[in-house]
Amino acid sequence: MTVDYIVKRLGMLLVVIISAISINFIIPRLMPGDPVQQKMDQMVAMGGTVGDVQGMVQEYRKKFGLDKPVWKQFISYWGDLLRGDLGYSLNNYPQRVSSVITGALPWTAGLLITAILITFVLGILMGAVLGWPTAPRGLRGVVPVFLVLHAVPYFLLGIILLFLFAVSVRVFPGGGGYSFGTALQLSLGSIADVLKHAALPALSIVLAGVGGWALGMRGMMISVLGEDYINLAEAKGLKQRRIFLWYGVRNTMLPATTSLAMSLGHVVTGAVLVEMIFAYPGIGHQLYRAIHAKDYTVIQGIIVVLVVWLAVTLFIMDLIYPLIDRRITYRRR
Amino acid sequence: MSPDVLQVKELRVRYDTYSGVVNAVEGVSFSVRAGEKLGLVGESGCGKSSTVLALLRMIKPPGRIVAGQVLLDGVDLLRLSDEEIRLARFAAISLIPQGAMNSLNPVMRIREQIVDTMRAHNGGKSRAELDSRVRELLQWVGLSDWVANMFPHELSGGMKQRVCIAMAISLKPKVVIADEPTSALDVVVQRRVMHTLERVQQELGASVILSGHDMGLMAQFVDRLGVMYAGRLVEMGPTEAIFEDPLHPYARLLIDTLPSLDRKGDFKGIPGVAPSLLNLPAGCAFQPRCPHAVERCSVDEPAWQEARPGRWVACHLWAEGRR
Amino acid sequence: MATMYRDRAHRALRFARLNMLLVSGLAVIVAVVLVGYVGSAIINQDDARVGAFDPGLRPSRDHLLGTDRQARDVLAVLILSIPNTVKIGLLAGAVGLGIGVVLGLAAGYFGGLVDLVIRTVADVVFTIPGIAIMIIVATNIRTMSVEMMALIVASLAWMYPTRAIRAQTLSLRERLYVEVARLNGESGMELVVKQMLPNLLPYIAAGFVASVSGAILATIGLEALGLGPQGEFTLGMMIYWARFYGAILRGMWWWWSPPIAVIVVIFIGLLLASAGLDRIANPRLQRTK
């Protein structure tokens, strides 16, 4: 891995973050009639029924200096962001957007990372075996099922699972991240409770994702198996298992990781909606609530976090690629 | 005369494709003597690769071996169990593949790929033993030690070809098959590769089966030559004898159209079109292009027979020793 | 004449047999669209009005799919929703594809700086979670319409086609016949239109299917979040309202399951079609067996 390569990837990371956040700043200002302004006028008119409205309006005015020229606003916006200041929630004034997010992020991260890893590993294994000429018949039979599941958007599958396992048969809780009224602690019971609440949301992501992975991986496996080096490996008298893992699967890992990276945005979007369905206390659910309450500062804050999170994940993946495939460092050197 | 190591009898390979059945190898019989260099020549698509791959039982779907025997020291490779044929591959009969360019695993170091070959057959060796054997093999094919640490994309085409040769001889097999080892290389490298293959035969005592387009190049290296046409062997015999007096009209045309000086180069000037294996004429497959065709040629298929001692041919002109 | 027709029919049949996937995918989609448009013409539109019947009725002979909490006939709402959702999908897909083809051709054909810029922009947009941008735009729009929805969604449906077309254009450009045409003095545009477009057709078709399904997925997501066209019937809005009124936890399966079923059928159709197109574009995936 060369410095040049890292610098290039880092540049890409910055471009992504800067442009996404700038869009986040610009679009609301392009729209006719600033909806934030509108909402504030509305709240002032209602006169302090929700929290300390006057205080917040003052704060907001001061912060964005709405009378100042746009470019000055833009600069102070960035200044605040860099200090980690995302402003106050419009609806619950003294609460900071950053505290809404830090409260929600661990839930989303935990759910998403676990679910994606399970999906990836299961999908890859299934696809690799399916691409192998002597795939077990039983496994082949399962494929259509997973393909149909794959055709269901994550959160719709979530609705179905919710209905089946929390409404019809009450095996799992109907929503939330932990049982209402209990305090979160590091006890076995508490952990079990959290896992129970995470089960259906995670299952939605896994079930809907595995089929797609398996199908993609099968395609990659078939095309790798057509390569000359597989033929030679067989002619060399290697054992099937060795050919499968070291000549087959290893060569599909690069395209597989690439498509994992490319699908992450998709997965994140899906997960946001899954959280909404299960009222899972992550950022997806917060986003839904904020959209409902037209809490624009929270919406924007969450979007900034989503963008940065995804971009950083992809950056890390870019750094991992060359370890998987030696040809990359070579080509880009 | 040394005994036969390999006898191929009535070998038949077919591919079931969407456009129809392709009989890529149709009743091919020949034998290879110990320490001999045998060449198979023919136009592209005439079934050379199918023939030699069948010897290792390496025909993949949609193709399959439908009939025949491949006797290696009297043991029929086509009747071995899957595990037995796996153990025979490269230990008894090895392959230098057509397209060595893409035959190495891109994500594995050269050392590991050579070691893999040896490990698959005699697991007991220590790492140090294996490593020193790799060094020895690389040296033998004229590559430096550091090549072992390289990945395939870091090597040139000729170097990859040599790595393939190193793997093919790593277990000292009785028969080494080189399927068009030179077609992707330039002339200078071609010759070097041919010389290396010659050493395989001289120094290791292995029999070498070589397939290729270039009859002239081939003629300079092999002891005996087999000419293939449309999935069939049409003539086989000592190289010099064939060049002096080819028996089959196709072989004669091939030799006549070689550039006269050093008799080298690809096929060019044979009149008529190369046959489609999907749609062969009745009788002799070469009949539409044959200048000597007689009535019988479009009815009966000529038999594969020994027209003179050591000279085999499939042509009605030689039926029952006529002419 | 007759033989020519027979021949053509024969070839069509042969194609259909070889590409069952594409044919059945298209058939599924056409069926859904027909149900939507024909059904919309047949049913009584008043049945879908708020307060038309009693709220929350289970399915019965009068209301095959029951009524919702706003006292609308679910079947009527469902049928009226299909054309709007299909319209958003097709419109967004077409816009996305149009942008994708132009950018992809430009990047692949001109190469160099043009390629670099287009590729970078596509990569950047790829990396931004689509929903983020769409939410920002959608939250800032006062009244959402079906057309507006399609445009918003289209803004993120162009990257796949751009990438695919770029890659194919590049590989076509390498091939000889384009060189030959260039030597024959054809201009750049002529070259693109006459030589390249026909060869790119399978990829363009695949790109269209991809952007349509991406677009439908995105609209349904946005609508479920409550950002859809409030006054319109769409499949996503049905799900939004069902959730809004707690239909899932209340066990009113007849309300939320029909739109899900239709959406799944649409996606299965699109999936089949794209798998079929994949076979045409990459024959290698086709196992001969």
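Letters are used for the chains, namely A, B and C, taken in the order the chains are written, and counting of residues starts over at 1 for each.
Methods note: contacts are C-beta pairs under 8 Å (C-beta built on N, C-alpha and C of every residue); 3 or more make two chains touch, one makes a residue touch a chain.
Just so it is clear, the structure is predicted and the values come from calculations on it, not from any experiment.
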Review point. Based on the averaged CA atom positions, which chain is farthest from chain C?
Key: B
Point to revise | Two chains sharing the most contacts, counting C-beta pairs only | key: A-C
Check your understanding: How many Å are there between the centre of chain A and the centre of chain C, using C-alpha atoms for each centre?
Key -> 23
Study note, to complete from the structure: Expressed in whole Å, how far the mean CA point of chain A lies from that of chain B is 55
Review point. Where the centres are mean C-alpha positions, what is the separation of chain B from chain C, in Å?
Key: 52
Exercise for review: Specify, in ascending order, the residues of chain B that touch 2 or more different other chains.
Suggested key: 61
Review point. Inside the complex, what are the residues of chain C that reach chain A?
Key: 120, 123-124, 126-133, 135-137, 139-142, 217-218, 220-221, 224-227, 239, 243, 248-249, 251, 253, 256-257, 260, 263-264, 267-268, 270-271, 284-285, 287
Review point. Which of the residues in chain A end up touching chain B in this complex?
Key: 133, 227-229, 231-239, 242, 246-247, 250-251, 324-327, 330
Check your understanding: Any idea which chain A residues touch chain C in the complex?
Key -> 12, 15-16, 19-20, 23-24, 27-28, 31-33, 35, 147-148, 150-153, 155-156, 159-160, 162-163, 166-168, 174-175, 219, 222-223, 226, 262, 265-266, 268-270, 272-273, 276-277, 287-288, 291-292, 294, 296, 299-300, 303, 306-307, 310-311, 314
Point to revise | chain A-facing residues of chain B, complex | key: 56, 58, 60-61, 86-91, 94-95, 97, 99, 101-108, 116-117, 120-121, 151, 153-154, 164, 167
